[in-house]
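Look for chain A in each of the two complexes below; its partner is chain B in the first and chain C in the second.
Then we have the complex of A and B:
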């Protein structure tokens, strides 16, 4: 029979098909769905995170592993039957208004998801109003904003202003990132955090919800 | 992750076929009509028997075309310089490229940034450091142990290196007794004289003086190494504007004459002996007569002389990747990278001096070895060139991703990402902020830290204990 360790190893190898197979086998064998997630999928992803930090694994590999884990998770979800899937919280992310840059934001999204958050990815060119609406709808613990252009950077400030005006600022932590973003800028516009790369963003999220 | 040696170069060709032939003809004219000065009587006798015309009064030896051609024919076109570990074997031939250290420096710039005379301890530590650096493919004894009496230098220098690296060890030698003892030590480690000749993990350098002169003592050493059938480099270092003509073409003619004269003598002493066409062409600063080892003309000439060796189908010992700078800085970076690239892209086989050396070869820097490991990796990646086939052309994946997508998580990316790129170790590639928060360290500082880490943790494959005991008994002067 398939084991949780094998499942974790397949996540580490980024073998999407094998992860799907093993997850099915484990479900059919009656293994607790929560255990499949915690001790199989997430356990594998934890190793991936460690190896990525040590420089042994590269971004494309991490993305493959994250994809494998997400596929596995989606197979398990229907079997949870009311059981609460434990996550560190909900994370809403988007690239700010007039900015169409996708890759870095998606990378952060996948890393944060792999770190154990429920992630809602709003896409690119997200207006301040759309961010406000998403907070009302999803009630996230953390909101992430991305910008690659110095010309779109001011929308981060505008979005925070809009969130304040809507009376939602205290309900959510706000983190920002992207090539032109600095810690100083984060402080200046009243964000709660800044991360220079996707790995650091996942760490930052955990820290903000007291999980690290 | 290093790039192993032996990749084919040859894309850079500073000389045309016609120019190669012009240099060849000019060289034969010099060897036949000017000749070389050889004071050693035994060498004179051997060459006289082989057909050279000798003027015994002036010690001038004239080498006719036929003798030169016959000696080139007699020399092997492929030379194995083995490593104590097979994975470090070098097969020198054609346009295969290997990069390694050089010597002999008198001083070291150590990891506390102290500039001091080199010791035997440095020979050991540098060997151990280089053993862990993948883009340095062989080990030429780097420093002179200043604290030892001359008669103990040869054995101790060689053994310090053999003990601490499984890469091929080549070194200059100082005494006949030293040459014999070093060979004996290597035979014991190899398991016998024929085993050593089959897989020679040591080789020796004996010098010829520019212009065109075989010094008495060095020639004696050269004869001994050749007789013993140990691979040999007959190094000669003509300096354009001082000990060679000011023109680069003229220096190449003289260099070629000296290199071929070395081949002739070694082949006439012991036909078939593995000998490298040996070249160290460089220049002086004509404004001041300062010796130069990092100038672009040196890179050019070493590339060109590699084409000459290829013309003769002889493996070459060449020179690049050194610097005139006194410390690991921007100058050492650009001088090393420029000369090493030119020489390696020309398909030079055994590019020595290509790690650690600064200060015109008078000093080695521990940190510089680590930096040069990155430079050499970049150079080897350039030598490897661009692979073009239906898979690397990537038409399928371009179709699949389409406009506006990205290649981050494509199988094609995963398949090639580790082989397409060279990954340096101490090269800073992060953002300004990350670099600053990590201590704002320059390349020298980062390399110093890495060298310290390696020396604190890395051990080479040890010499078996019983052999070590036997060596200590037979060679009481060994400081093991």
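Then we have the complex of A and C:
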């Protein structure tokens, strides 16, 4: 019989077809759907995140693994029958105002989602006001901001100021990333964390909600 | 092949430190090395110094041109920074860069209009970054036409079709290459230019991908590059590629490079 370990391994191998097969087998064998997600799919993706961070796996592989995981998850979902999918929390992410870069931000979004968060991706060119509105609407545990240009970097600071002014700063952890971003800059503008890559961002999110 | 040397960029740590310390000798050395390695333009960027970018731009232009006869490629989206650099620049500078983003276009176009300045025209609009060839063509078409209407000579326009990483979508490389080909065909006189490092983002052995991509782009008609000219393999590849696509009459440049021991790297 298929095991959760085999499922996790197939996620790590990015083998979409095998993940679908194993997920079906496990469901038919009556394994708890939540276990399949937690100890099979997410467990596999955790390893992928660690290897990615260590430079042993690369972006296209991570994308394939995430696709495999997503296919598996979509097979499990109809079987949850009212059971709540356990999540580490809600993560809202966007690229700051006047900045149209979305590739890095989307990688972070995908890795954080694969790590077991509910992710709301606001897209690119997100104004400070739009970030504030999204916090009010989605009440996230963590907010992520991306900037890829030295000219748009200052909007991170402006957004944090706007969140403070709206009285929401204490309700949400804020993390930042992107080519020109550094830990020093994060400290300087009062962010709660900085991640140099998507794997690190997922770990940072888990740490911030006490799930790591 | 027009080469823009990319090394004097404040996002690189040793350069940021040299700018901060106003260490003219360090900057001059990097400028000279690039010029001697075959760069036609020396890119100067002080973008990480928010608030001091204009002042440092002026200093960089003076410093670079104090060490070489090369013109500079003024690298900033901020018109005030560009103007400050232009004020002290000798010769004909290149501006890096204008795009179809409305604010950026309108701010920079008065500086370029009616001059002999060369300008990099980045295929980016307020609608975002293009992914396919057709999206690139749409932006390039508008951008070239708007610039020509604003009295910019077509031969001074260097269209950058925008390189995106193949690690996130396997078609990004080929869509870029096909855009180069179509731009060169549809707009006679215009140039195409790009940086390379984006293409290999997220993958190991990035140099290998960058070098091969450069050669493929040359085959499609690309005639300018923003690169590290100290990369000897890259420079040798480009010389070979130009000879192979018929842009080196009687292979004279190739043979010259051979005699100067530039090819066996």
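In this text, the second predicted complex is superposed on the first by the 203 of 212 C-alpha atoms of A that agree within 3 Å, B and C clash if a C-alpha of one lies under 4 Å from a C-alpha of the other, contacts with A are read in each partner's own complex, and residues count from 1 in each chain.
Keep in mind that, in the parts below, a residue touches a chain if its C-beta (ideal position, glycine included) is under 8 Å from a C-beta of that chain, and two chains touch if they have at least 3 such contacts.
Remember, predicted model here, so these are calculated numbers, not experimental data.
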**Prompt:** Superposed on chain A, are chain B and chain C clashing or fitting side by side?
**Reply:** clash
**Request:** For A:196, decide between first (touching chain B), second (touching chain C), both and neither.
**Result:** first
**Message:** Quick check on the superposed pair: does A:124 touch chain B, chain C, both, or neither? Answer first, second, both or neither.
**Reply:** second
**Prompt:** Counting only touches as set out at the top, which of chain B and chain C does A:63 meet: first, second, both, neither?
**Reply:** both
**Message:** On the A-aligned overlay, A:151 touches which partner chain: chain B = first, chain C = second, or both, or neither?
**Reply:** second
**Asked** Just chain B (first), just chain C (second), both, or neither: which does A:107 touch?
**Response** both
**Request:** See if chain A has more residues touched by chain B or by chain C, and give me that chain.
**Result:** C
**Asked** Once the shared chain is lined up, is A:180 touching chain B (first), chain C (second), both, or neither of them?
**Response** second
**Fill in**
Going through chain A, the residues touched by chain B and also by chain C turn out to be 58-60, 63, 102-103, 107
**Prompt:** Which of the residues in chain A end up touching chain C in this complex?
**Reply:** 55, 58-60, 63, 98, 100-103, 106-107, 124, 149-151, 153-154, 179-180
**Fill in**
Within the complex, chain A is touched by chain B residues 406, 408-410, 413-414, 417-418, 431, 433-434
**Item:** In the complex, chain C residues that touch chain A
**Value:** 11, 47-48, 50, 77-78, 101, 103, 124, 128-129, 164-168, 170, 201-204
**Message:** List the residues on chain A that touch chain B in their complex, please.
**Reply:** 14, 58-61, 63-64, 67, 102-103, 107, 182-183, 196
